[in-house]
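The two complexes that follow have subunit A in common; it is paired with subunit B in the first and with subunit C in the second.
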Partner chain A sequence: MSATVEFRHVTKRFGDILALQDISLCLENGEFFSVIGPSGCGKTTLLKLIGGLLTPDAGEILIDGKVVNDIPSYRRSSNIVFQNYALFPHLNVFENVAFGLRLQMTGATASELRHKADKALGVVRLEDFGDRMPGQLSGGQQQRVAVARALVLRPKVIMLDEPLAALDRKLRKEMQAELRRIHQEVGITFVYVTHDHEVAMSMSDRLAVMDHGIIEQVGDPDTIYHRPQTRFVAEFMGASNIFEGEIAEQTDGARALRTASGLTIDVDIDPSSGKTMCLSLRPELIDVYTPDLGIPHQNQYQGEIVSRIFLGNAVEYVVRLETDDIILSRVPSRQLRQSAYKPGDRVTAGWNRDCCNELKH
Partner chain B sequence: MNRRSPPALTIAAILVFCFIYAPLMVLVAYSLNTAEYGVGWGGFTLEWYRRIFEDRDIQRSLGVSLLVSIPTVLVSTALGTVNAFALYRFQFRGKDFYKFMLYIPLVMPSVVIGISQLLLFVFIKKELGILTIIFAHISFTVPLTTLVILGRMQRIDRTLEDAAMDLGADEITTVRRVTLPLLKPGIYAAALLAFPWSFNDFVITYFVAGVGASTLPIRVYSMIRLGVSPMVNALGTLIVLIPLLLVVAGILLERRKI
Partner chain C sequence: MTSLRNRLLLYLRRHERVKIGVLLAPTTFWVVAFTLLPILIVLYYSFLTSGLWGMVVHELTLDNYREIIDPLFFKLFLRSFLLAAVTVVLCLAAGYPLAYWIAFYGGRYKPFLVFLVILPFWSSYLVRLYAWMTILSDHGIINSGLQLIGLISEPIPLLHNEFAVVVGLTYTYLPMMTLPLYASLERLDRRLLDAAADLGAAPATQFARVTLPLTRGGIISGSVLVFVPAIGEFLVPDLLGGAKVMMIGKFITMKFVGLRDWPLGSAFSLLLMVLVLLVLVPYLRAGGSPKAFEEQL
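Right after this comes the complex of A and B.
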């Protein structure tokens, strides 16, 4: 597969604000790529750079192997579905969809235009809405018009900027499925921006996690979820147990991490380098049980429940170990006997060696 | 639930309303009065209105007024649009100062504007007449049209223009297909507000009109000097009503949602 969009050491500043810092990135042809990160980390800026609505201060942007730094937005084969949809309020749905077509197909007959626009409206299932004004549509419908308006031009890449943020939960689920379907149907590269890591994981072939104008990690959802490389990615993906300490060798030859608080954690990792190491551990990999149950985990620690949050399909426990380390554990609800612990109960928290993931820094 | 306003407030509101409109109602009443002299009510008539429509001088003045106001509105709306674009779109030195300067003519006494316009025309040796009136009118209506259009422009979502460019429209196409259509209600509102400003103006026009060109307000003034006749009342009523309707239309347009 070849790259549709490539960033080579791209930097973008707004005055004193460094919005993007030395970004290098490759989007494969036809993939569904998500960009996630907290608000203000530079996601929209990244999209606008691809679309040509902003120009980089340093570095090169390539679309289909050609440097496009000096190509204005209206001559690039990329389209954005804006965060607020940006439908033209003075034009009806059909004219919104036909807006780009009229400019792209100069000399097209009215029936050619109508055919193409209707087909795009069909893809988003709004065939009968051509005569409506944008103001008469629901949020979900407006968003689909915005998608159709971009799709109809058959760009190399379509970018969606937090397109589901304004929708309620049920509609969001539907639109997610819809976008996946459309992506498979048209085979265009999709870049999807969101701050919701669950949405990104469920939809994407690959994703990039951003923070403060830097790409922290790029990978497929599985890797990002289970093997975060940095503390930021681990925490952003909800792996909130982080341990830092020195590497120690156990008597049986296995490796372990010894924290400053006195915790010794057996690990299954060949530490990359040096004497210290940083680990992340997902809450759902930590078991909480009463000492007498004696489940054989390689790492077991006594502690006390500090608080309990009922999530519906799971229960989250905050456990304070005897070393004063705080641990977050998530236990599935069906293990009913375990959801019964209350704050103050004495428990054992345990996990296996291979559950720990090493963070690079 | 609707909250009913207390009776005292209702009465106060009615009094204020009367205070504003009582003079006007008296004017309208007298314009329909058969008694030509004095203040007594002599009976209902439309005679004075009929006489207005037959009066050659009044017709000529109306012609002059329209000949002044229509070009004034067209030019000052166009200039206001360009001006608002410049103020909103581009950064230049002294922009804030320039913006501030737009407000000054709106609060400056008409007499001062009139005198200074007259001085200017005398200085450049321009003969007074319709052209000088138009020039003066444009200069005092442009701040108004600029500010009205600028207000509308500030309410246009900038991402709409980004979207147009993203969809393949260059800068000029974007302005033509997106910005101007969205600005249209503001442009109409500016024109409808500028018209009565120009059409009704007496003070400034009085200074720059010269002898030949008398607009309708100036005609009314010279008629009054010969004594207040019911015909003046009728004319006054008409002059008030026509621009009033335009202003109401302008406000409604400006309020219309984007």
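Right after this comes the complex of A and C.
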């Protein structure tokens, strides 16, 4: 595997605003890579830098091993599927797809063009739509034309900027599967920019979480989800419980985290940074039960249910512990008794010590 | 108890046709009173007989229409058509870059720059044309300037010829071209240019393949707005063209004012209207079709 796109200490400013700060990143050939983060985190800037619509203020960007800083957008082997699709409204679907081809293959015969464009339309399953105008297509169809328009040029990398944002839920699910299929079919590196961590997790080989122009963490979805390195990543990947405190050696040699509120949590971790430490704990790893169920956990705390939200396949509890710590727990609905508690019920919240994840900062 | 107002509103809500009628009434009144009626009056006059001392005799005749089959009139029409067409081309050549620059690089000064474009309308049209007479005259700034730097020894004739007329027309109608062009350029989705660049289009190609076709509506409406008044213009040829340049508008004015032959003048006016419409039909078709409209959006 070799790198398709590489960022070396790339910085980008807009006036006084630091949009990207010393970004170094490597995208492997043919991978499906997502960049996620809240709006304004710099993810679209990252994408525009690859596409050449922006130039970096510092650092180098490489595509296929060559520095492309000074290569204008129209000479780069990268294509963007724009957020609003940006289809040319005065050209029909075929001409939209052929737009780049005509410029790339000067001297190509009409039948060559038609063959290539039709093939790309075939990949996105719009073979019979060549004569339609973009205005006559649904959102999902327009989206697929935009994908075909990028695919047909066989770029080294295709970037998708929040491509599903404008679609309704059902269509979004369909297009998600469709994009995965297309990616596997063509084997081009995909860079997918979104603020939706669930979509990103379900589609990507790897993902990068960004905030304030900095990449917080890069990794495969499992790692990012279960082993977030920073508080921001832990919170961005769905609500998480975070504990901050000092590490104390127990008499039996085990370690525990003691928070300011007086909570003592047994942990399994060798703290990497001195005595203070930050832990994250995913809600689904916390069990909520009453003593009569006799569930053994290394960490158990008494508390009271503050609120209950029914999610269908799970129930989300907010529990106030006796130390006044607030804990978020998610219990699967198939645990019939445990998912039936009501606000005000006295319960025990418990988890094993290997559930905790250490945050670097 | 329902008030009269409520009863009226209820009535309108139940009677869709009456409601549409009420809503369309102001526009209908305007079009009828200020467009249709005047044209009908002109049409009526064109069938009347002219009497002595500019009087109009209310006696129907076809004589005026016999008279306007006049080779001179068609020659003048052709002349005016050419001058108006040159004006359109020059306005486009000057207005497009101007509108483009304001729309793309105007930033927060855009409203101010657009205001500057229409600023000349605030002063008297006549005064502005007299200013041009001064500028273009033998002792005007251009001739004396060129003489000063020694490029010419004798003043070159800039005034009272077709050159002066085209300058005057282009100057007068430039805002009419610039504003619709500005509107269409302003509306142009910049992301489409990003998309074109991304797909391999160099700046010149982006302009030819995206910007130009997508601002076609502005080009067409600007051209019509310049062409129609330019072809019928009478002040510019009168003041800047002098005695040597005759245009159709000046010709018709002469019939009305000079000869005080209102019926004949009316007949010529109607003929001009018909001819201009015939010229514009294909042009308006291209710009006014639903498809072109959709493209603009």
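What we mean here is this: the second predicted complex is superposed on the first by the 360 of 361 C-alpha atoms of A that agree within 3 Å, B and C clash if a C-alpha of one lies under 4 Å from a C-alpha of the other, contacts with A are read in each partner's own complex, and residues count from 1 in each chain.
Convention: contacts are C-beta pairs under 8 Å (C-beta built on N, C-alpha and C of every residue); 3 or more make two chains touch, one makes a residue touch a chain.
As the structure is a prediction and not an experimental result, all values here were calculated from the model.
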item: Fit or clash - subunit C, subunit B, common subunit A; value: clash
item: Touched partner set for A:Phe88, first subunit B, second subunit C, both or neither; value: both
item: Partner chain(s) touched by A:Gly51 [first = subunit B, second = subunit C, both, neither]; value: both
item: Subunit B/subunit C common contact set on subunit A; value: 51-53, 72-75, 78-80, 82, 84, 86, 88-90, 99-100, 103-104, 149, 153
item: In the complex with subunit A, residue positions of subunit C that touch it; value: 189, 191-192, 194-202, 205, 209-210, 213-214, 294-295, 297
item: Residues on subunit A engaged by subunit C in the complex (per definition of touch); value: 51-53, 72-75, 78-80, 82, 84, 86-90, 99-100, 103-104, 133, 135, 149, 153
item: Residues on subunit B engaged by subunit A in the complex (per definition of touch); value: 157, 159-160, 162-170, 173, 177-178, 181-182, 258
item: Residue ranges of subunit A in contact with subunit B within the complex; value: 48, 51-53, 72-75, 78-80, 82-84, 86, 88-90, 99-100, 103-104, 149-150, 153
